[in-house]
């Protein structure tokens, strides 16, 4: 059963097609990775799926509902959440508060109750805090809970973003380079975390540069080059695909 | 620099030793801000007169201490300073309120504390209805309108256009003129406004000129606005009689508008502007000449109507303290109310319990600018 | 930890308000205190809008103007008790903020600044020009609140200065309490989150436009009540209360003291209210010194006085 | 018809004043993302220094030159003493610094000069130029020419010169600009000198029309800021067009609708434009990169 399906998604910037006619689908509990050389359009694709950009063409269907270009906060209500390649944590808030923010949909209520500090408001906030502390334990940040997020290391921030996204109890989680900039130990921790989340039935869509990690944890891989899907399949199939090899080699030649 | 030092010395002194056997008089003036054009000469006048009075031995044998604050034209600040003058500085009387807004803020504080208060602002509301402790020296804007309309009547002008500033001065006079115009058989057929900081008023003037039947134009306002209007008047070559208000009654207006553009402009002014033209037996002549000489020597800038208001407030206050022989607020108040035949720069003051201004229309003199000089129309 | 920040702020505030009169050299200082509290209230609203939600407004004095003129006009024209007029003003401000906020809060940074500036100028222009209603730039009398007389018959005889000091102090504590409640509530967290990263806030399900609008409306109500208290206290009000300078003053107070914290903002209000009173000894040099103080504070305590000093006290160990 | 023309002349005169002030904002904004609220004081200084230098005996052109150079030096001083020491502070703190600086300059001006209103003779006399029964003053043409000249200069500066591009690069990313070898402190100093100089030039050109006093800066800065935002902050074309549009709106509203609400009309149009074009008429479009 398909949870998220991407149907012919495309967008142009200033007349140049950044992403062109990309389709694939994700099932619950599945880890689907999108790979491709730099500038292949992976993050742009993510931004379209998560409602940050409005696609020029195509559809995004979530659990049978057309959610194309829907605002991210409405997608969140429908169970889709994401992390960001260039970290979007709430820098001046504490680690705990960052995570509690992920519980926003559960904890938010009438603003008047918040202003008056009514029991209902406190109850909601307390429940969110308990959940957040539990999540921080899961990602190994419980000891940093009261620190200002801006003071954390890069790897910790990556985990914090995942914790915040998990707080939504999403059905679909989009992770944009969760291991970028992390050392081997941190990468492995994140690796485990992702597998664990998928095992609980969450559909995961991943953009990642660390090929070893991608090959290790993905059920399905989509390869983009110059904005177009050039291959798709399980890790073994994709890694033997000549078009994929050419794209990566070509990219490396160009870079070298 | 010297005035700065004295003010600082006085202010510092006031903080250090709050109870001295002196007559303490308070002032809250708009020495800065949008009404600085009025407040600045007022403050300079008061400082100058206090110094002069003390040099001549003070009043009733006591030295006078002036505690002056700059409210920047902000009514809220003016109220705070009024409270400070009464509660903290313990003054026996207050001069000030450069604008109607600041005056109205000081007024209720002074009335509550039963401290005599002499305002330097124009609006008629300040003294009508009469409040026991509040007086004022300038003519009301209503009187300015009447003086102008009297002259228009003589020239058989029945339909006029008005172009008023949107500041307190312009807006208040605009309303008063509209109110009294019917008494003089005058109809206001065009009624336009400008912001005091506007750079060009030809659009409004063009509109007024295009209104059918306009026989003259009246421009209530102060600051640079009326100068720009006057220049625009000439630019558009409008040949209707042109009236300004007492808000521009100073030599600075002629300089700014240019003698050529200001030629033929009429306005109600005070004796101060035509000191040299006054008849020898004019009761205002000595006081006007003395103030003019003193102010111009001291500051190097020409006198204007507004400094004159402060001068007259000072005159009324010191006259009252002298007659009362006491510096008790209640005694001063009673003495001010009994002021009779006191010649100031603005006019001859005759206060009564029903009239806390004490001037009539005769105090206004209708002036016309001719060849870059003020002349008397009568 | 977070609880103590809130209680500490409130306790310090209550203690200061209650004990300060013991040190007043004269009754005049009740007036200064009451002004500090009125300004502190408006600035607390700015903390919510600017400090937490990260949205700037250069037109909030407009709401103060609505609050002030509601107290001047509603008792005369609608026969409303002045106390109810405060509520009416707050209600009108809230509705106006809601209507205006929807389109302008889409704008960012300076563009939001100029749009809110335009809104403020439109309000002050109406107050200036609609003479028949507002009596124009020369201002209008405001009726007596009547509470002081009521207290007197109940046996509590306060001078005018004492009464307004106490009333404004109580309202400020109340306003600070509400704001501090909000800070650690779900809504407050969401506001601070969207300040940190709007896009991340949206992806965790926050309805960003709605949250911004809530902050805008709440801060408008703070400004409005502050304007009402000023008008009732002065018994007279002019359109200056809605002027651009007053808006800038609010923002300056907040930033100077520390726009991120309620305590900082109230401190900023206290400094900028007291400063002109202290600078009178400088006479003509007053403006010069005022400008200099602002520049120096922002250079050396760039996050505002209170947060910068707290940070230094805690040490830069982190 | 002649009325319409007169309203247009009035609008263009006022609009050119706004445009000149608005143009002064662009350089500092482009270099530092800071809207300098002391820009109006630069305009005031241009007028006041000229007035007092002229009164002291300097011929008008020399007085004007002195005013521009003196104000530019003051701009540099402001950058060195107030902006540079606060580098890295939040933008809102920097804006408060510029407000503090403007209060300081105004306070100094009232001491050094005075609180009176001043003017000096128009460059080419006061005889109006008559076109189809409408008239315009020669000084208005000077102001319009000044606005166009400053606009052209800035446009060439930002698009054709290495230095101008360095200014833009500094604003885009200060660190990156330093890495590619741009001397960013120098760029900032230059920006303040240019902005202040342009402000002073504006003051010199407009004073024969608007007159000047120590406190004219604020009102001019406010209108100039609004004009710059209408056009799109940072873009010289936006400043020029924004200023002229604002002036024309005021002139036409005063002429045909209500002089009382002419400023209201201007701000309503600004609100309307920003509703459809959140970056102003010619502002750069920015997208959040995530």
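In order of appearance the chains are A, B, C and D, and numbering begins at 1 in each one.
Going forward, a residue touches a chain if its C-beta (ideal position, glycine included) is under 8 Å from a C-beta of that chain, and two chains touch if they have at least 3 such contacts.
The structure presented is a predicted model; accordingly, all values stated were derived computationally and were not measured.
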*In this assembly, which chains make contact with subunit B and also with subunit D?*
C
*Pair exhibiting more inter-chain C-beta contacts, C-D or B-C*: C-D
_Chain whose mean Cα position lies farthest from subunit D_ = A
_Inter-centroid spacing, subunit D versus subunit C (mean Cα positions, whole Å)_ = 31
*Go ahead and note the Å separation of the Cα centroids belonging to subunit A and subunit B.*
72
*What is the distance, in whole Å, between the centres of subunit B and subunit C, each centre taken as the mean of its C-alpha atoms?*
35
*Please report how many Å separate the Cα centroid of subunit A from that of subunit C, as a whole number.*
41
*Where in subunit D do residues touch two or more other chains at once?*
110, 260, 263, 288, 290
*Could you check subunit A for residues that touch two or more other chains and list them?*
52, 84, 88
*So which stretches of subunit B touch two or more other chains?*
31-32, 166, 193
*Interface residues, subunit C side, partner subunit D - complex*: 50, 56, 103-104, 106-108, 110-111, 113-115, 117-119, 121-122, 125, 129, 198-199, 244-245, 248, 251-252, 255-256, 259, 284-295, 298-299, 302-304
_With touch defined as at the start, can you tell me which subunit C residues reach subunit B in the complex?_
25-29, 31-32, 35, 128-129, 131, 136-139, 141, 160-161, 230, 234-238, 240-241, 276-277, 280-287
*In the complex, subunit A residues that touch subunit C*: 50-52, 71-73, 75-77, 81-82, 84, 88-93, 97-98, 100-102, 104-105, 107-109, 111, 114-117, 121, 124-125, 128, 146-148, 151, 164-165, 167-168
*In the complex, subunit B residues that touch subunit D*: 31-34, 36-37, 40, 166, 192-195, 197-204, 206-207, 210, 223-224, 227-228, 231, 234-237, 252, 255-256, 258, 260-261, 301
*asked:* Help me check something: in the complex, which residues belonging to subunit B touch subunit C?
replied: 3-4, 7-8, 11-12, 15, 31-32, 69-70, 74-77, 79-80, 83-84, 86-88, 99-101, 104-105, 107-108, 112, 123, 125, 166-168, 171-172, 175, 193
